[in-house]
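Below: one structure, written as structure tokens.
We just call them A, B, C and D in the order they show up, numbering each chain from 1.
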């Protein structure tokens, strides 16, 4: 009897406390700015820290509906017959990981649960470290029955960026004579029918820097006419829209794109009901921080226009 | 001044030492004190970088310098194992391949793989003040490769394909004006909005290019088009701006989650 | 006899396929009543794959008449290959309703023959054998003819204009708004008696943006030398320091006051991104420059620098070609050179033929882009909305010319 | 000699790579050149490491500002290098992945590299916030347009955007903020980005051309260097 009530109360208290704190803080800031006093930058830093930290502690979260560009990738993976092969490239470093690691995990989970085989690789040296993360949390943990070399394979990192891509678009083995554990290419069952990227059913690049999705489109997707999709850090997402939908069929942009994908996946099948949804969890603090940033812009601009008006009068 | 910094140092050191011991005592696993140390170290480094927000200080400098060293070595190691051991050695020598337990790749042209080694070593000549000019050869190779690769790819993906993707109809599902006006609505998936979107894309791309067109003075109709171009660009940058804010905040959420979850274990 | 051998081949190939990764072939010919009989694919044709280095063949077939997506009788098609009249071996399988396959990784000196079978859950129906064929090598990839033509066109335009500029012909470049603000900004610093801060980004001299920044520095330094304004330039790379010192020194010499120059105007801080930012922030707060130039390659630091500059009340002129950083400059600075404007500005100021020439050559490309888009959009609109065949033809020829796939 | 050889190398390599796209029998040559490039790229990492060591030893020997911190850099560098090259603590043998779980290399990666690099970028969240309060002003029409677009995108990515405009009827649904945000991204943003991409694309094409033809030589530095 008591436990659901408790749960609701803790959440409610959390939301209330956070909102009150943020509102009071903004009010104080506005009052102080309008009375013409400098606000030290460090106070603003502290304020933004708490506005993010409180919802992290109290776990405020929201639901998200998938936008068309996210849904397109979901539908593409749904439409692939099982036994298809998808390549997921980890083109990011730990700095981008909070945004894109949830996408990589959700996509891996989606593919493996549909018996789609995955070839993993990375164009960032740090991608290999991040790949290890997905292996320990998703691949080996949730799909213990999947076998290395048959259901998935880890090719690891190669240096060269676009140079790597230019080779694998016509020949995988030339670039990757072995997988990351030194198993020769010819002994990996996944590659029985795969000679180059052109034999893949879909390529997904997860990243946000250079080399990344743009290089994939230029060096692999377009020349080889291979379906491409991407999950990217928010900073670069707007720059990739010109490639949609002809050159990239779907795009997850930033933690919001990841949250949309997680929600789409969770709603699609009860077996995903308990899956971890790190991106959705992050959207709570994200939302409050956005409100703070927007309020800052409003306060700053009101101040600006008031001062300008005064300047004109005097 | 010296004394305060000593006190600060002592406080910080003892706090993190305490954290290590507590984490070690309560964590489960085969080597609790090692795990405890690693998490404490990560937390210390996180806070050391964040201390830059207060002001530039020795802890921040320590963390930053450590980062520079570690990241250079990380890239070197991965490059060595993946490319030198993975791609180069198997094409050069079967004995060395055996040592690293990689399969030797037979091939008629393997001898040519001494070229990248020679160029690689020449590149390292840059470290020597006298033979530094030799590093221009591999540099020329790198520049030549990127230029050759980029030339065709950019032309295809960023020029030709973009033009092709912009050839879109301005009238969609068109059955004459009567039909259009009688079914007109502002639904996000409606005919009017779709047509307007295509119009914006068409006008936006053309005017945007006009803004970046430098061979004609921006006056008259050309000037007006370029004005429209700059507006479209501003909306574009606004969208970028919004997304960047979103991205940066996510990274902070990631770090704060680490501090509260993995280190302090306030949340699960 | 022949019949028996085919049967044998079939058995062998089935046992091969049982080992490979499709898991639906084990219970063949077991239970007649449950067997899902299907017709084989027909008209299997093999031909040379066009424009390759003799390593591929193209296979087409008409799907089995039982291949209907609704009932799912046909599960997949299997492709068998015989090399140099050897036995047929399973080489690949594709999903139902697929009717072609590129066979890759073949050799130029061998002969090949193929067979395609339709597979149901427990039955396999084989087509006839194809003709025996060899691969062919083509020397030019005609699929990419339009890509080649466009490349040639733009290449010649760039080279032509560079040559024209070299011969001393004046090439027109439009006025760029940010550049006009430069004079005003320097004037302001002179009036206020406060220094000018010039920040050339954090990349080295191998970045075109840094080069452009140094070119613009040349102009700024000329005026600074004329008005005797103070200039401060912290840099993040030692090569940039050398180049910048050279540039400012030359400017002072041209202005006839070489003695007024000293090396301390430009100083190297550190290569480290945030270390550099911290130091520049410090300079801004301490010296309160009247004018700040932020030109070159900027990354995450763009916003920190622009914000601090704004808070000390400086006029800021910014410019970068990095789209992700432009929003911060536009919102926080007074004038911003957007993307290519930075290069145009430096070409305009330097008057170097290679820069002016390429700018012109690129403009030719832009003119082509605009022209094709306008004609294409009008023709596709009229063609689709009113079904006018003339316009549909124009559209399809433009689209086929601008479709470049391998 | 100092200039001619590099110019010839650039010309040959660049031309071969362009031609290998159009001439199928040259594909293999193009691939091999790219593979060479990838291997040289690793030497560039070695060069980066070597440079780092040189610069920081110089700093220490000259006792320049903050030279003590150079020790930190060098210790970090050599420890990580040893951990990676000798696969210290790696549960597998010499053939196993360098980033295998349990190795010292991966441990340093997780508890030193990851926190440092991700916190570095997380700092930007603070600066974005303070800049939005102190610097992002609607100074002119352009900046106003930019801020309004940014505002809609930000609002559209929060549930408040949905709440604020959920009363808008379906036949006017484009004016619901989430839909408006999606529309902004996929129409004006797409158009603007495409114009930029076409411009930059042409820029890359022309600079590549200049490099291959040897018209652009700045990257070679000056003759005395």
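Convention: contacts are C-beta pairs under 8 Å (C-beta built on N, C-alpha and C of every residue); 3 or more make two chains touch, one makes a residue touch a chain.
Please read all numbers here as calculations on a predicted model, not as lab measurements.
Ranking every chain by how far its Cα centroid lies from the centroid of chain A, the top place goes to C.
For the pairs C-D and A-D, the count of C-beta pairs in contact is higher at A-D. Our note on geometry: chain A versus chain D, Cα centroid distance of 17 Å, whole angstroms. Inter-chain centre distance (chain A to chain B, centres taken as mean C-alpha positions): 13 Å.
In terms of their C-alpha centroids, the spacing between chain A and chain C amounts to 22 Å.
Shown for chain D are the residues in touch with two or more other chains, namely 18, 21, 27, 34-35, 37-39, 41-42, 45, 95, 98-99, 109-110, 113-114, 117-118, 120-121, 123-126, 128, 130, 132, 134-137, 139, 142-143, 146-147, 150-151, 154, 157, 182, 185-186, 189-190, 193-194, 196-200, 202, 205, 207, 209, 219, 221. Across the assembly, chain B contributes 52-53, 61, 64, 68, 74-75, 78-79, 83, 87, 101-102, 145-146, 149-152, 154-159, 161-166, 202, 205, 209, 212, 233-234, 236-241, 243-246, 248-249, 251-252, 254-255 as residues in contact with two or more other chains. Shared interface positions of chain A, i.e. residues touching 2 or more other chains, are given as 45, 48-49, 52, 95-98, 126, 128, 156, 158-160, 163, 166, 175, 182, 222-223, 235, 238-239, 242, 256, 286, 289-290, 293.
Those residues of chain B lying in contact with chain C across their complex are 52, 56, 61, 64, 68, 151-152, 155-156, 159-164, 166-171, 174, 202, 205-206, 209-210, 212-218, 233-234, 237-238, 240-241, 244. Chain A meets chain B in the complex at residues 42, 45, 48-49, 52-53, 56-57, 59, 95-99, 125-126, 128, 156-160, 162-163, 166, 175-178, 182, 184, 208, 217-219, 222-223, 233-235, 237-239, 242-243, 246-247, 253-256, 282, 285-286, 289-290, 293. Residue ranges on chain C touching chain A, taken from their complex, read 20-22, 92-93, 95, 102, 104-105, 323-324, 405-406.
Only residues 38-39, 41-43, 45-46, 49-50, 52-53, 61-81, 83-84, 87-88, 99-102, 109, 112-113, 115-117, 119-121, 123-124, 126-127, 132-133, 136-152, 154-155, 157-159, 162-163, 165-166, 185-190, 193, 196-197, 200-205, 207-209, 211-212, 229-246, 248-249, 251-252, 254-255, 258 of chain B touch chain D when the two sit together in their complex.
The touching residues of chain D, when paired with chain A in their complex, are 21, 27, 30-31, 34-35, 37-39, 41-42, 45, 92, 95-101, 106, 109-110, 113-114, 117-118, 120-121, 125-126, 128-130, 132-139, 147, 150-151, 154-155, 157-160, 178, 182, 185-186, 189-190, 193-194, 196-197.
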